[in-house]
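These are the structures in question, set out in turn.
Each of the next two complexes has subunit A plus one more chain, namely subunit B in the first and subunit C in the second.
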Partner chain A sequence: MNSKILGKNQLTKFIDEFIGEYRVFAPVKKGKIIGFDEIASGKETCLDFQNTKQPPKSVFFPQTEVLFEYKKGEKGLEKAGSGDRDKILLGMRPCDARALVIFDRFFSSGEHEDLPYLQKRERTAVVGLACNHPLNTCFCTSLGGSPFGSEGMDLKLVDLGDEYLVEILTNKGEKLVEDIKWLRDAEESDLNRARDLAEDAENAMKPKISTDGLCDKLDGMFDDPVWEGIHQKCIGCGVCSFLCPTCWCFDVLDEDTGTGVKRVRIWDTCQFPLFTKQGSGFNPRPSGKERMRQRIMHKFNYYPKDFGEFGCVGCGRCVRECPVNLDIREVIRAVMSV
Partner chain B sequence: MEDLGKTMQDVARRLLEEGKVDLIVGYEKGTTPIRSTPCFIREAGDVQKLIWDPTCEANLTKYLLDRDERIGVVAKGCDSRSIVVCLAEGQIDRDRVTIIGVPCQGVINRKKIEAELDKQEVVEATVNDEEIKVRGEGFEKVLPTTNYLCDSCLSCRHRNPVIYDFLVGEKVPEVEDANDFAEVEELESRSSEDRWDYFTEELGSCIRCYACRNVCPMCYCKECFVDETMPQWFGKTDDLSDTMIFHIVRAYHLAGRCVDCGACSRACPMEINLRALRKKAEKIVKERFDYEAGTDVEEAPVLGTFKQDDSQEYIIK
Partner chain C sequence: MSNPYIPNIAVIRKIITENAVNDIKTFEVVFEDPELAESFTFNPGQFGMVSYFGAGECPIGIASSPTDQGFLQFTIKKVGVVTTALHNSMEGQKIGVRGPYGNGWPIEAMEDKNIVIVGGGFAFTTLRSLAKYMLHDENRDRYKDITIIYGARNPGELSYKYDLENWGKRNDLDLVITVDKGDAEWTGREGYVPTILKEVSPSSENAVAAVCGPPVMIRFTMPVLTELGFQPDRILLSLEMRMKCGIGKCGRCNVGNKFVCQDGPVFTQKELESMPKEY
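On to the complex of A and B.
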């Protein structure tokens, strides 16, 4: 599939081609923070960012999601969200797009597919944005990713300066651009330029953290004293999980609506004591030690054992935002050095 | 100028060597520029990790709660006030705690620096009370520290520890005329609709991560009201009504107890102005009861006492 060239001054026009037919989600600047939101016009989009504060996982897995609802006196359930328009998620960084693949495996595994997630995923096209300037807190390359990676995307934009290279990666992506006749075909020189930028971006990253054998190593470390030290400063909040593109844990609640009941799922995290507290009052993960161990084990041992890859993409959000600077890269190093 | 970090290390070493404490809780250099991180030292040989500079933002009082060890803790002015509140509320055993007080001229809010530098990422920084030298790809800047302090620090009137066993360095002059209610007064001057809009906007971005609650030394409840399930008092979603009730009730719970250390505002990943609600509660307590939390070791908690001449105006008739 040929790549295309999109002038930066045509970006608004490009996005506006989709608005109406699709619901479009893109990075927008809200006050001090850049985050994904639904846009009504291409001009709201801000692609001049390093990475968004939060990953756009909520487009597929909202923090609060009504699964179904019923009303008193009426028969049957009202299921949410089936009549929605298709979506486009534009401006997603390679780490976050790769995280979607990690989500996909989980939400489609086992006996029961997770339809609320999978339906949204199926009906959303992902337009990624390669990362020319990875941050110092980024470590995607240590975990098998790359600042110019394409996993999880249908189209990928590469910032070439005055224009974007539009790489077409899937049929879904092809379908998006096939009718936009005014896009110029990319030339060899554009592709070379993108390749150079990809190389520069990889080279600009900090040296990789060694993760060779990390999964196997953790097999024997459940009772290792290393966890005693690691969790000490953790305050047990949900910043790392709620900003994490690969954390999917949730809780399910029934809420009284006044006229009936709605079943809601909300984000939850293994860092909260309530996450494993049982009805009897017993909690198998009574302290921060067990909860921190769970987070690390899940990403670097349980997930790879189930699906063959680490469950962390190295986006660095938890590194940047942890209130006490509990740096997951240091945790990996500590585990590796045991 | 005296290297306070060094002095702090000496005190810590002595405490550990003499067996007066089992653990020192202080600050060490963080893993990213302009950051420190809480550090836990059990061996005298490790005290050289300890640092003191304006990146030492965490309120370490949090780490004194629910522990059996004898702890030596580094405390700034505000942190020492939160220790006083926890002592008055019976949460800390004074005999188990050795307070290494340190006069403070304010801690840095690195988000202010990030905002100023926009997309220029700091790769290296050196920090002191006067200036912050930052360097990144293609830039080098010297920023005056006072321009990037936390809001709580900018109007702080208790820079010196109110309680300590050791004082590291000389006391710094207090800024007696600082108006720490300036923002509250500005909000009070607005219409209630304006204020509603303001807090709707601010609290609308809350992601219920509870970083604000979990860094707060005053939030020591074994089970927070939002976590109770039998019965469940409050909704747990990120809908505005649920997030707002959490923040409002939390502000109520902190009335007469919050020492404005600013830890919650710094911890909030969404950069919500959490300070405004708390300062309003603090202002009411100050006006009605002439009480400032954590400033007097002898004084009982304001909402735990009753005086004949207490202001009665809050009672709904």
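On to the complex of A and C.
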């Protein structure tokens, strides 16, 4: 599939091609914060950012999501969320797009697939945006990712300065651009330029953290004293998991609407004591030590054992946003040096 | 692919108060959809996600036996929001039921073996399902000697007194009931389950032990079973965990990379030995 070239001055026009037929979600600047939101016009889009404070996982896995509604007095259950238009998620960084693949594997595994997630995923095209300038908290390359990675994307935009290279990665992506006749075909020089930028971005992320053998190493470390120290400064606020593009743990609760009942799933976190506290009062993860261990084990041991890859993409949000500066890269180093 | 979170509607047709304190009740429910009521099958040891609309949903072991046709029973202790709402319900109340989930007791692998059932407190529910299944006329021949050791804090706390009475009359099982502390009328055994298990000393030869109870009972029961010669792959344990989805998605019932809702709740002691001690 040929790559295309999109002038930066054509970005609004490009996005407007989709508005109406699709619901489009893109980075939008609100005050000082850039975050993903649904847009009504291409001109709302702001691609001048390093990464958003929150990952766009809520497009597929909303913070609160109605699973179904039960109306009082009527006979059946009413399903929520049917008849929605297809979506486009534009401007997703490679780490966050790769996180979707981690979600995909998990939510489609086991005996019961997670329909609410998979339906949204199926009906959304991802237009990624390569990272020319990774942050100093980014560590995707230590975990098998790349600032120019394409996993999880249908199209990828690469910022070439005055224009974007549009890489077509899937049939879904092809379908998006096939009717946009005014896009010019990319030339060899454009591709070379993108390759150089990719190399620069990768080089900017050195040195990598060593994660070789991390999964196997953790196998024998469940009872290691290292966990006693690691969690000490953690205050258990859960922000690391709420902002994590690969955290999907949820709670399910009922909301009485007066005329019926909505069953809602909401984000939850393994960092809260109630997460595992049983009806009897017994809690298998009674302190921060067990809860921090669970988070680390899940991403670097349990998930890799089940799916063959780490459950962390190195986006660095938990590093940037932790109120007590607990750095997951330091945790990895501490574990690796045991 | 269908939405796995949508429950089936079931109607509570009978409520049985199980204990003297009145905080444990058995709810007998029937699916509203007659086809489902007919076709629903499960293994003893599996659980359902039971919901009271407006209060929420929680995992409850199925207490009835697959040999009970057309209805399900859930024995529920009143401890939180959902269970309180259920306890306040009357017969005729519509509730939600999803399932069956989990692996259940390995009833086929247990065939042609001597069976030792060890239960404590109201965690006896799925062991009751197992016992009812094995003691059913259609199945009794497939199992050898059956020993049931069941304990509760006091006589008032013993669930399923109607079953215990029937089982006590049978000569094809060894039923041992114990209470931590008896009352004036109690003439049976007194003592904690692990102690009584040691006294009864069921043979481990060609035997499988199925255990469910509070953590403290399990902690002291396991060494006794080992002492009696039960090999780790012949000790079965049903684990308890907080759950929200029942289908391995909500992320909280894992022990290592195993989900208790999906890979369990029944594990052999051998399996547990290779898993982190986080249950």
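The criterion applied here is as follows: the second predicted complex is superposed on the first by the 337 of 338 C-alpha atoms of A that agree within 3 Å, B and C clash if a C-alpha of one lies under 4 Å from a C-alpha of the other, contacts with A are read in each partner's own complex, and residues count from 1 in each chain.
The definition used in the following text is that a residue touches a chain if its C-beta (ideal position, glycine included) is under 8 Å from a C-beta of that chain, and two chains touch if they have at least 3 such contacts.
What you see is a predicted model, and the numbers here were worked out from it, not measured in a lab.
**Q** Based on the superposed arrangement around subunit A, label subunit B with subunit C as either clash or fit.
**A** Fit - subunit B and subunit C, as placed by superposing on subunit A, sit side by side.
**Q** If we overlay the two complexes on their shared chain A, which of subunit B and subunit C does A:68 touch? Say first, second, both or neither.
**A** second
**Q** Mind working out whether A:330 is in touch with subunit B, subunit C, both or neither, as first, second, both or neither?
**A** The answer is first: A:330 touches subunit B but not subunit C.
**Q** For A:251, using the defined touch cut-off, is the partner it touches subunit B, subunit C, both, or neither? Pick first, second, both or neither.
**A** both
**Q** In the overlaid three-chain picture, which partner chain does A:276 touch, first (subunit B) or second (subunit C), both, or neither?
**A** second
**Q** Which holds for A:116: it touches subunit B only (first), subunit C only (second), both, or neither?
**A** After superposing on A, A:116 lies in contact with subunit C but is clear of subunit B.
**Q** Can you report the vertex angle at subunit A, computed from the C-alpha centres of the three chains with subunit B and subunit C as the arms, to the nearest 10 degrees?
**A** Superposed on A, the angle at subunit A reads 90 degrees.
**Q** Which value in Å is the smallest Cα separation between subunit B and subunit C when the structures are fitted on chain A?
**A** So the smallest C-alpha to C-alpha spacing between these two chains is 5 Å.
**Q** Do any residues of subunit A touch both subunit B and subunit C, and if so, which are they?
**A** Shared contact residues on subunit A (touching subunit B in one complex, subunit C in the other): 251, 253.
**Q** Which positions of subunit A touch subunit C when the two form their complex?
**A** 67-68, 70, 76-77, 79, 106-107, 109-116, 118, 222, 248-254, 256, 261, 263, 265, 268, 270, 275-280, 282, 284-285, 290, 294, 297-298, 301-303, 305-306
**Q** Provide the residue numbers of subunit B that touch subunit A in the complex, in ascending order.
**A** 30-32, 35-40, 58, 62-63, 111, 115, 119, 121, 123, 201, 205, 207-211, 213-215, 227, 229, 235-239, 263, 266-267, 269-271
**Q** Give every residue of subunit A touching subunit B within the complex, in rising order.
**A** Residue list for subunit A touching subunit B: 30-33, 48-50, 53-54, 63-64, 133, 135-137, 229, 232-233, 235-239, 241-243, 251, 253, 255, 264, 266-267, 272-274, 319-321, 323-327, 329-330.
**Q** If we count contacts the way the header does, which residues on subunit C are in touch with subunit A in the complex?
**A** That would be residues 1-7, 9, 51, 53-58, 77, 79-80, 83, 96, 214-215, 240-242, 244-245, 247-257, 259, 262, 276-279 of subunit C.
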